[in-house]
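Chains: A, B, C and D, in written order; residue numbering restarts at 1 for each.
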């Protein structure tokens, strides 16, 4: 039983990541009608915002220490980060330690900017083009973005640790009165909380602001809103920026969970499409629901007890669930008629 | 001729000439010149051009005509390859049974997946096909290793039974003795041209596949498929059942993929699981769109384009670059190398990504439209110029407006 | 205009050559004076370096490429000569190979069997490469090895750790300098016993494909032989990026050691996840919980960062080795590229030299001559002490390194430290060992 | 004799009773109009006739056979063709191809795997399609893409496509909705011509009273999902119930 609880907990955490990524994707589908294959790349860029800030904070002065040798036997160049020189070693070190949470502040303007530039410079011209063209151009863009990252950061994963205080794991067992361990890493709990807050914020934004209302109306019936004389274009640009920022933030906080590498976006791309479609195209609650559902089912399928019944089920669980749901519910869990059905 | 209209006959003729003379056309540079790097006329790449051309032609029958965007066609290619290699393992190195089984198995497999996936349309259909293909890949890579040999890829061991293999037959896939890897080289000054049995074998299939595609495009069946893309509602209220039309298109394209997979195995008897991965499915989508979906020759061009970059640009390393610019003063040479360096060798993906974007931005109808624009410049008058592809490209643009 | 050089490639059995020849039209019949594929005719000889340049192993491939370029420089008498000065065989003179200047071409394996074979074929068919070197996964190694056997060129395998490469998939034209899963296990077992005791319960996470299975089998056998119990072995999908659902149940399983049979991105992620779950801070069965990563590489260690600290694993070679050969190589590599070489770089460098040396000693580029010169060849001075290239299966035998993640690294390359150099005798096995059974080496194939 | 017989049809959407106890009988070779205010259930009824919806209760018989449970394409093959409110044509195809498709559907049935024969080889079909286009005065537009035509032309093309199948019953769903007066009159003339020249039954759902009274021989008035009255145009005009339920509104619409 505790094993199942643990996997459900884990599934919630995984699911929150899936939901967060899928949310931005479905926003773009729903509002702009664009199939964005570069969405994974935005997630990746978010993660590299963490890496970049970490690098910026550890920019160092080099001093030569004659007493130590480097691998070639030459005197070792000792690097001292500027922040440590400026704020003293301890404050400096803790600033570096907190680089990932700090990267949230760094990533928001960066991602909004990237989103705006992408929409104005490229996506805008593809609103009325066939989906195939959208796929080709955004896939091309995704490759370019990831190759640019590879050029500057290399292909190897880059460790981006969370702050020291979040090391280790929290044991839920005593809380629940269980005598076994139900340990879960602090940082993953933070990630879960963070995703929940962002998801709630996006919903609140769409629900309670005039801007959100117009966007929701636009998702429901684009032409009518256009006829009302509302400048829907400008709002769509902002919407794209927000979707990019959501994907980026998902990436920023994901960096400590798995060391970022340049192709991590592609790894998530297929999955996020499956999540969005299972949830139903253009449905925000659907994306969130599907994210959690797939996260939990994936976690449960990885249990040895289940794998011993159906060998290799964890290899295909996501796809099996997707197929079953799409066959039972033609437009996913909460999809609307007529969205991306052509 | 051949039951084709004049302009289609012309197009077929061009394709036949291009494939037959490909060993010359693809090797325009002398072997000892710096530009020899860009020669593509060696058997393996020529075979790949043709095989992926077949794959893309088939995919286009589904996607270009009906508009159903499958993200799982690589699975059928993989099934074709595995079937072919199993025939080599069990019967003999003769390619005929291998190709027959490859096409049949891919046809059955696509009928099954198509039957289920075609219950949905649009992106829901795409995701269903993607899910099936990814499942196939994941299983082939690990769980099904006894059938697929997993990570390494299915290959032929000397211990395999090969019940029908005669002692004097070549121990490489062959057509009644003519081994696919035999070739002969023609030296002409400093040019070399390689004629490979395998290439011409594939080329024959490409020509047949292309001819069949023309027939389908110009048939009432093909017209119905385009009608599916245009307006399914009207189809239904005109007494036409769309499901068997789309399923037939799906299975035909699946069989094309199976043929391509079988040919891949015949040229090189090892079937890797990666050829079923979603990226491989994505590749044929990109080939088709890049060349011009719904046009006849477009997918072949797109396939050639992508394979050329994968195989030629990836091989240009700094050493080669320095060789090209060696005549320049040192500083400029280094600068030139530094400028080009990110786009070639390990950066070939970057070039490919940029080209995808450029083509789709400036040539909305794909490479075929690029060709038409060039043609218009040369012909000035656009009267009969439309050529064979004008219709499809024009339709696309109108639909887009 | 003339028709010459009529070639027929890819015949494995010499017996079949004659027979097949008869079945062919006359104009296609094999006729080649040199008698082997891509015999160098001019003043140069071309080697093919086939490494991953895109995809998850691109960095590994880049390092291999660096080492191969360095080797070419040294063969052509440029640079400081590196390991050529310490190599026990003195056949190489720094004037290329058999007096021919060495040139090279490169290709991208993409870490996919298909792509790797395509790029190897391009190098053989288009560029006339006589030898293919490099790669960073077992699937690719086995696939390209098979191709080289058919085509009649020599294959030197690069990074491939699966038992199968020189086990059931061994080929006469292929050689492997890298060690394998069995040798990792044999080297690790005694060290693990000393460090963690005989009474341990191990939980295995294993990448669900051939390499993972063979390594898991080897490690489980070796650790069980010294008294460890294998609590569980869970297979993880290759495509996994987040291993949390596989790691979460470990603590409740009663295991006190976690063995990660993962490589590359899988390993970086699974180790990072395991450390996140605080496994290393736990005590189980009254013992400190430990993690073992049987196959290490510098790049993976760099990717996992601080998470490798205290984690034991094995390696083929490391730049911190203090023998003359290793020192010479590190110096020459470090001065050129500003970084120490990785163990796959070392493998690719050494293999290039060994191939060249074998050609010199054989006096021909003919693969059969090279195979003969390399089989049962013993040498020293290329790192890892005295080395044997066993003729039975073309596996290389040498000392194996047991490594441990360094607790207080002083610089970015100082991630691992050598715990023990396990002597060659301890990792040797019989050619017909059950884990390597099946398959035939076959005969060398000169192609053409 | 009635070609279409609707008996006791009811259809419910959640809490809304869209149709209840609808009885309707359309005589062969007549023009029968179904009118009614917005939300009266006209479209729901039409959708029940063509197989898009399945009624909860009742029966729909066409020429003595039940259409219930059959798919739209099967019902079409029985001889019912439908013209939509906004013209549904194959916009990406040429006008000629648009005409050929119904001709082929008539000849070959719901599915035919004729990938080897050639469109240009179907001379009899081409002749038929061309004749139809000539009748419709659209022959000069035959190479045009259908999507590029004017709305009036699209309507004519759609009607022509339906007629090419030689249907026994032609269903028209507000064929003149959103049309300019001139186009409307053209359409009326076209329908009159069809009625005169062919053995065909026409059922028409219409808002525009001008159209209804120009064409219809019998009229059924639908209100709140149930037939109010059925009679000849002249008597409907003066019917008090109809005035009350409907006509006040319809004068605005007209």
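As a convention for this text, a contact is a pair of C-beta atoms (placed from the backbone, for glycine too) under 8 Å apart; a residue touches a chain by one contact, two chains touch by 3 or more.
According to UniProt, the chain labels map to these proteins: D = Amino acid/amide ABC transporter ATP-binding protein 1, HAAT family.
Remember, it's a predicted structure, so these values are computed and weren't measured experimentally.
Asks: By that same contact rule, can you tell me which chains touch chain A and chain B alike?
Replies: Expected: C.
Asks: So which chain is the furthest away from chain C, centre to centre on CA atoms?
Replies: Greatest centre separation from chain C goes to chain D.
Asks: When the centre of a chain is set as the mean of its C-alpha atoms, what distance in Å lies between chain A and chain D?
Replies: For chain A versus chain D, the centre distance works out to 51 Å.
Asks: How many angstrom between the C-alpha centroids of chain D and chain B?
Replies: Going by mean C-alpha positions, chain B sits 46 Å from chain D.
Asks: I'd like to verify one number: the distance from the centre of chain A to the centre of chain C, where each centre is the average of its C-alpha atoms, in whole angstrom.
Replies: 35
Asks: Approximately how many whole Å separate the CA-defined centres of chain C and chain D?
Replies: 74
Asks: Could you pull out the residues of chain B that touch at least 2 other chains?
Replies: 138, 142-143, 349, 399
Asks: Hunt down the residues of chain C that sit against at least two other chains at once, touch-wise.
Replies: 58, 62, 208, 235, 237, 239
Asks: Mapping chain-to-chain touches, which pattern fits: line, ring, star, complete or other?
Replies: If you draw each chain as a dot and join those that touch, the picture is no line, ring, star or complete graph.
Asks: Pull out all the chain pairs that touch, please.
Replies: By the stated definition, chains touch in these pairs: A-B, A-C, B-C, B-D.
Asks: List the residues on chain A that touch chain C in their complex, please.
Replies: Chain A residues touching chain C: 2-3, 6-7, 9-11, 13-14, 17, 68, 70-72, 76, 150, 154-159, 161, 167-169, 180-181, 183-185, 187-188, 256-259, 261, 263-264, 267-268, 298-299, 302-304, 307, 312, 314-315.
Asks: Tell me, which parts of chain B touch chain A in their complex?
Replies: 63, 67, 69, 116, 119-124, 127-128, 130-132, 134-135, 138-139, 142-143, 278-279, 282, 285-286, 289-290, 293, 342, 347, 349-350, 352-357, 359-361, 364, 396, 399-401
Asks: How about chain B: which of its residues touch chain C in the complex?
Replies: Going by the criterion above, the answer is residues 39, 42-45, 48, 138, 141-143, 145, 149-153, 155, 157-159, 167-172, 177-179, 181-188, 194, 197, 264, 268, 270, 272-275, 310-311, 314-315, 317, 319, 345-346, 348-349.
Asks: Please give the residue numbers of chain C that touch chain A in the complex, ascending.
Replies: Within the complex, chain C contacts chain A at residues 55-59, 62, 208, 232, 234-237, 239, 241-242, 244-246, 248-249, 251-252, 265, 268-269, 272-273, 276-278, 281, 299, 302-307, 319-320, 330-331, 334-335, 340, 410-411, 413-414.
Asks: If you look only at chain A, which of its residues touch chain B in the complex?
Replies: Of all residues in chain A, those touching chain B are 35, 122, 125, 128-133, 135-137, 139-144, 146-148, 151, 266, 270, 273-274, 277-278, 281, 311-312, 315-316, 318-320, 322-323, 326-327, 330-332, 340-342.
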